[in-house]
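Each of the next two complexes has chain A plus one other chain: chain B in the first, chain C in the second.
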Partner chain A sequence: MPSSDKKRLDYYALTWRLPVIVWQVLFFVGPLVFMIAMSFFLVKNYRMTEAFEMKNWVKMFGKDYFWDSYFLTLLLASMSTIVATCLAFPAAYGLAFKVSGNVRRWIVFLLIIPFFTSYLVRTFSWYVILAESGVVNNILGVIGLGPYTMLNTRFGTLVGYMTLTLPLVVILQTFSLANVDKNLIEAAQNLGASRVKVILQVIIPSAKVGLIIGAVFCFILSFGDFVAPYYLGGSKPPTLPILIIDTTKSGQQWPRAAVVAVMMMVTLMIVAFTAIKLAYSRKAYR
Partner chain B sequence: MRADKLIRWFLWGYLGLVFLFIFAPIVTSIIFSFNSDRFPTIPLGSFTWKWYQTIYNDPDVWDAAKTSVIVALSTSCLATFIGFCTAYTDFRYQFKGKNSYLVLALLPPTIPLIILALAMLAWFSKIGLSGQVWSIVIAHTVLCAPFAMAVIRLRLQQMDPDLESAAWNLGASEWSAMRYVIVPFAMPAIVSSMCLTMAVSFDEFAVAWFVSGLNKTIPVIILEILQGNIDPQINAIGTFVFVTSITLVILAQLIFMLRTPGSASNA
Partner chain C sequence: MPESQIVFENIIKTFGEAVAVEKMSFSIEQGEFLAIMGSSGCGKTTTLRMLAGLEIPSEGEIRLNGERINELAPAKRNTPLVWQSLALFPFLTVLENVEFGLKMHGIEKTERRERALKWLDRMEIGEFAERSIDQLSGGQRQRVALARALVTEPPVLLLDEPLSALDANLVVRMQGVLSKLQKELGITFVYVTHSQSEAFAMADRVVIMSKGLIEQIGTPQQVFREPATRFVAEFVGSNNIISGKVSSKHSDVHRTDLFQGVPYTVDTDLGEVVISSGELDLGATVELVISSDRMDISFDPSDLENQFPCKLVSEEFVGSIVTLLVETENGMELKIQKQHKDIENIQLQTGQALWVSWERKSAYIIPGR
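On to the complex of A and B.
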């Protein structure tokens, strides 16, 4: 190929690459970098002025309510991750090993539907279902139980988180379990391993990466969600996302909200990197 | 074996429970959208269209619907274009820094929406773009483009990578090879990506709430009603949004599934 052609081709390839780079830098990297910078700005007379001061960081780190929110959010997101991972596993196991590929595709398609229905409306529905005089307590009342208080509790928050994350975790786990080498499982069975042993020592270690990725996504989604802890959990104390909203919307304290957001991002990065390291560590087989 | 059968039944039952949990809120909201009682309790009141009439007669809802449609349509075009550029580049070219390029393009879904919302609110007001319909479009495009990329990339995967070079060697210019080879082949994915991104944009509330200013979208209206009192209007709007989104998703899925097998025949 003549070099002028090669050059033209390079330019052609570049025309397809550039729009994405420009767009993402302008509207994705730009906002995030600006937000980090903003955490050092000052607010004077209700107006934000550009500066480089540690004031917001010192202020937020010195507040008990910030740390209360921080550890509550960590705790709730961790609970959500553990519960979703455990609840999803039997379903994903069934889908991966006990049904045909065709049935699996249809069920996964059904599992995608919730992503496209308003999460807000589904949360409102849970509010109705779990209320003191709601559907669940009505049914329990028939057999003489309850009423139980489920709203404004951690249980309520977790129900909300599960609404958001469970379908995704089931899908990701199903894909990773379906990719486990069937010969490996058969070999273990032929060698006389019990069902439980096969699951614990063959299937879970082989599907580890996918299972952990599902857990990480669950953690990220729960950690960043403000709807479940606000409407179903009662928001006392608020979680970090609610803190961001309160600080931004009513307080007009954008720089302090930025501090909270940066802290969230740092936490998520640590969690994600630790998890990825765990996923790819080799010490699975005994 | 009896144990096998038992386990199979247990797993099906369990899957049923998972589906009950996932679909209970969707079904509940549809049922209560036709229920006459203001407070949603059992036993149900009588059948009514009243909540649908309320939203039908509410000019705010109409304005929001208009904004939502404009945003969703613009977002679907822009996001699909960006997604196509990324997918095509990833499919056809090797270059230095390709990994960073892909990370840059695919990272947005891993950042919590509330963080992006704050960051975009601040950035838009800095560059003088805040509170416009366009601010929502731009923000939604950033969120949706990775999904568009995934759908289109999946389709390009089924294409022979040498097909384009063959067209070039036969004398087609790069642009006409793009127009007559790549784009027609990717068309089903392009259309389903448009439906998919439209549905995502139509549903997104966190970022839209932060950057929209006075141009509320439907989900933002839902959020604001939710902050007030219990109001069955939500169920009616929710059902309407649900039907719209599901139609788009099923359309996307059908187009992708119908055109994807036997890929050579419709290249």
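On to the complex of A and C.
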């Protein structure tokens, strides 16, 4: 009978989907709900007790250090996104349009290699390069410049963010640029567009979705990164991920840390949602 | 005498080892509708792209209004191209697409808007100005592509198989639109196509290309009735091509025959065939081209010349015209086209014995090389 057939098929499909659903519920939805609930708990005598009070939220929102952290993190992640997007574009443009498909494949492979090494190791390696007695300052010293302080500055943090995000952004941009319809580029040239105008008026609008997705990834990774601001940026003032660690360490304030985490989630959701909406927006609707 | 508007002089284009265009010379007059025809890979699109500046010739010179343009950047020539894929910008509205060329030429906003709208109206798509491209039908997109190319008032319009994606009815309609536009504007159209019907319906002259070489340039009538080479005879129209050797010249020339040429006998695989032609050398190889609409069939032999027994292999009905395929006794296949209305009352059966014949003046002679 058709109806029972359909039912059996549904069970079959469900069986295959079940592991993913169980995994998501156990390790994503569950903790998320718990984290939101925890942000309303209270800590009494260094012990967390179940409650439903707004105290943590009021406390955190009332502190200047929270908002300092919040806007610093927002600023650093935005700067990281802008710098990574601008640095990656010329490289991705070259890979997409100026080299053969074979060369492109090799370079994309090379761009994946950094991910083989631990991000922490890659970050520490910058110490050797950026320290006051490091490689960069030694070279600058030869021509009578410096030494410059690069570690424990925002510059250091940005270098760390680039270590984390730049290869990924280049790869994402390369793929989206390589998919731009070559006919459109020729059509623009044919209609009198200069090289710069072809890039601004045709290539960027055509690759808009991929470019924005690359930027969103960069923002999410930078916003949530703990390593770069902690080890290269000196964590003063702390960014939100560092603030979470500090809060949990001092007086077992897990609920307040949960407030920070929820705020981070909300911010990332708003940013990602707005960006995706922008990426797929169309000028003409009628 | 002033030079033609566009001149190709000894143009060669190679891509690495591959030769796309081999030593090509021809010219295009101002206001002409020229079709470049050939099968895929013959170099017709490369020729067009060289004219647009999207490919640089390896050798030779292209001149536009007497000036060498070989290396001139595509953006610096006013030679818009209508792409086979149309290449409309999907992220712009219809109006913005049409405005694009004007914007690139630095024309300010109100003027370019006005000019673009005028062209949209002219192409009868003014009401879709604010729509996005994916909301249009194939025919409407075609019109947007034309408006976008013509809005800058170019001296030459290049078209690369622009109608190949449309369905048959629409093709005929757009052919009318294109012909009318070209006459009204008085500008040169260079139209690349593989379709004989499109080329013949619109073009003043047709260039037939094969393997990077020009086989023939002429009016549609010329390439249809007087093909210069065996390739043209096979590519254009529906011809029967019979090779043979001139064996004798007839001495009994009647006065009336003189107007049509001298009768010769040619030895072919079919047997002896009588033709009438200009002077031919005895023993020369010739190709006889007999259009399939100039062949006749009958049930019984009569006293006609060039008559051979055959049997019907197949009958192909494509609307008003029927193509009959017959096989002669020595295995040669011949095509015969008849109006359907002329043979609908005759009962033809596959395998039936028939006689095929043609008049001596129906054979067009291509001298052997």
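Keep this in mind: the second predicted complex is superposed on the first by the 270 of 286 C-alpha atoms of A that agree within 3 Å, B and C clash if a C-alpha of one lies under 4 Å from a C-alpha of the other, contacts with A are read in each partner's own complex, and residues count from 1 in each chain.
Following the convention adopted for this analysis, a residue touches a chain if its C-beta (ideal position, glycine included) is under 8 Å from a C-beta of that chain, and two chains touch if they have at least 3 such contacts.
Just so it is clear, the structure is predicted and the values come from calculations on it, not from any experiment.
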{"item": "Side-by-side fit of chain B and chain C on chain A, or clash", "value": "fit"}
{"item": "First (chain B), second (chain C), both or neither touched by A:M265", "value": "first"}
{"item": "From chain A, separation angle of chain B and chain C (C-alpha centres, steps of 10 degrees)", "value": "90"}
{"item": "First (chain B), second (chain C), both or neither touched by A:N190", "value": "second"}
{"item": "Broader residue contact with chain A after superposition on the shared chain, chain B or chain C", "value": "B"}
{"item": "Contacts of A:S206 with chain B and chain C, given as first, second, both or neither", "value": "second"}
{"item": "Which of chain B and chain C A:K44 touches, first, second, both or neither", "value": "neither"}
{"item": "Which superposed partner A:K236 touches (first chain B, second chain C, both, neither)", "value": "neither"}
{"item": "First (chain B), second (chain C), both or neither touched by A:D181", "value": "second"}
{"item": "Shortest CA-CA distance between chain B and chain C [superposed frame, angstrom]", "value": "8"}
{"item": "Residues of chain A that touch chain B when the two form their complex", "value": "8-9, 12-13, 16-17, 19-21, 23-25, 27-32, 34-35, 38, 87-88, 90-91, 93-95, 98, 107, 109-114, 116-129, 133-135, 138, 162-163, 166-167, 170, 195, 220-221, 223-226, 231, 241, 244-245, 248, 254, 257-258, 261, 264-265, 268, 272"}
{"item": "Residues of chain C defined as touching chain A within the complex", "value": "52-54, 73-76, 78-81, 83, 85, 87, 89-94, 96, 100-101, 104-105, 130-132, 135, 148-149, 152"}
{"item": "Interface residues, chain B side, partner chain A - complex", "value": "7-8, 11-12, 14-15, 18-19, 21-26, 28-29, 32, 39-42, 81-82, 85-86, 88-89, 92-93, 95, 101, 104-105, 107-108, 110-116, 118-124, 126, 138-139, 141-142, 145, 174, 199-200, 203, 205-206, 210, 219, 222-223, 226, 230, 234-235, 237-238, 241-242, 245-246, 248-249, 253"}
{"item": "Partner chain C, residues of chain A touching it in the complex", "value": "181, 183-184, 186-194, 197, 201-202, 205-206, 208, 282-286"}
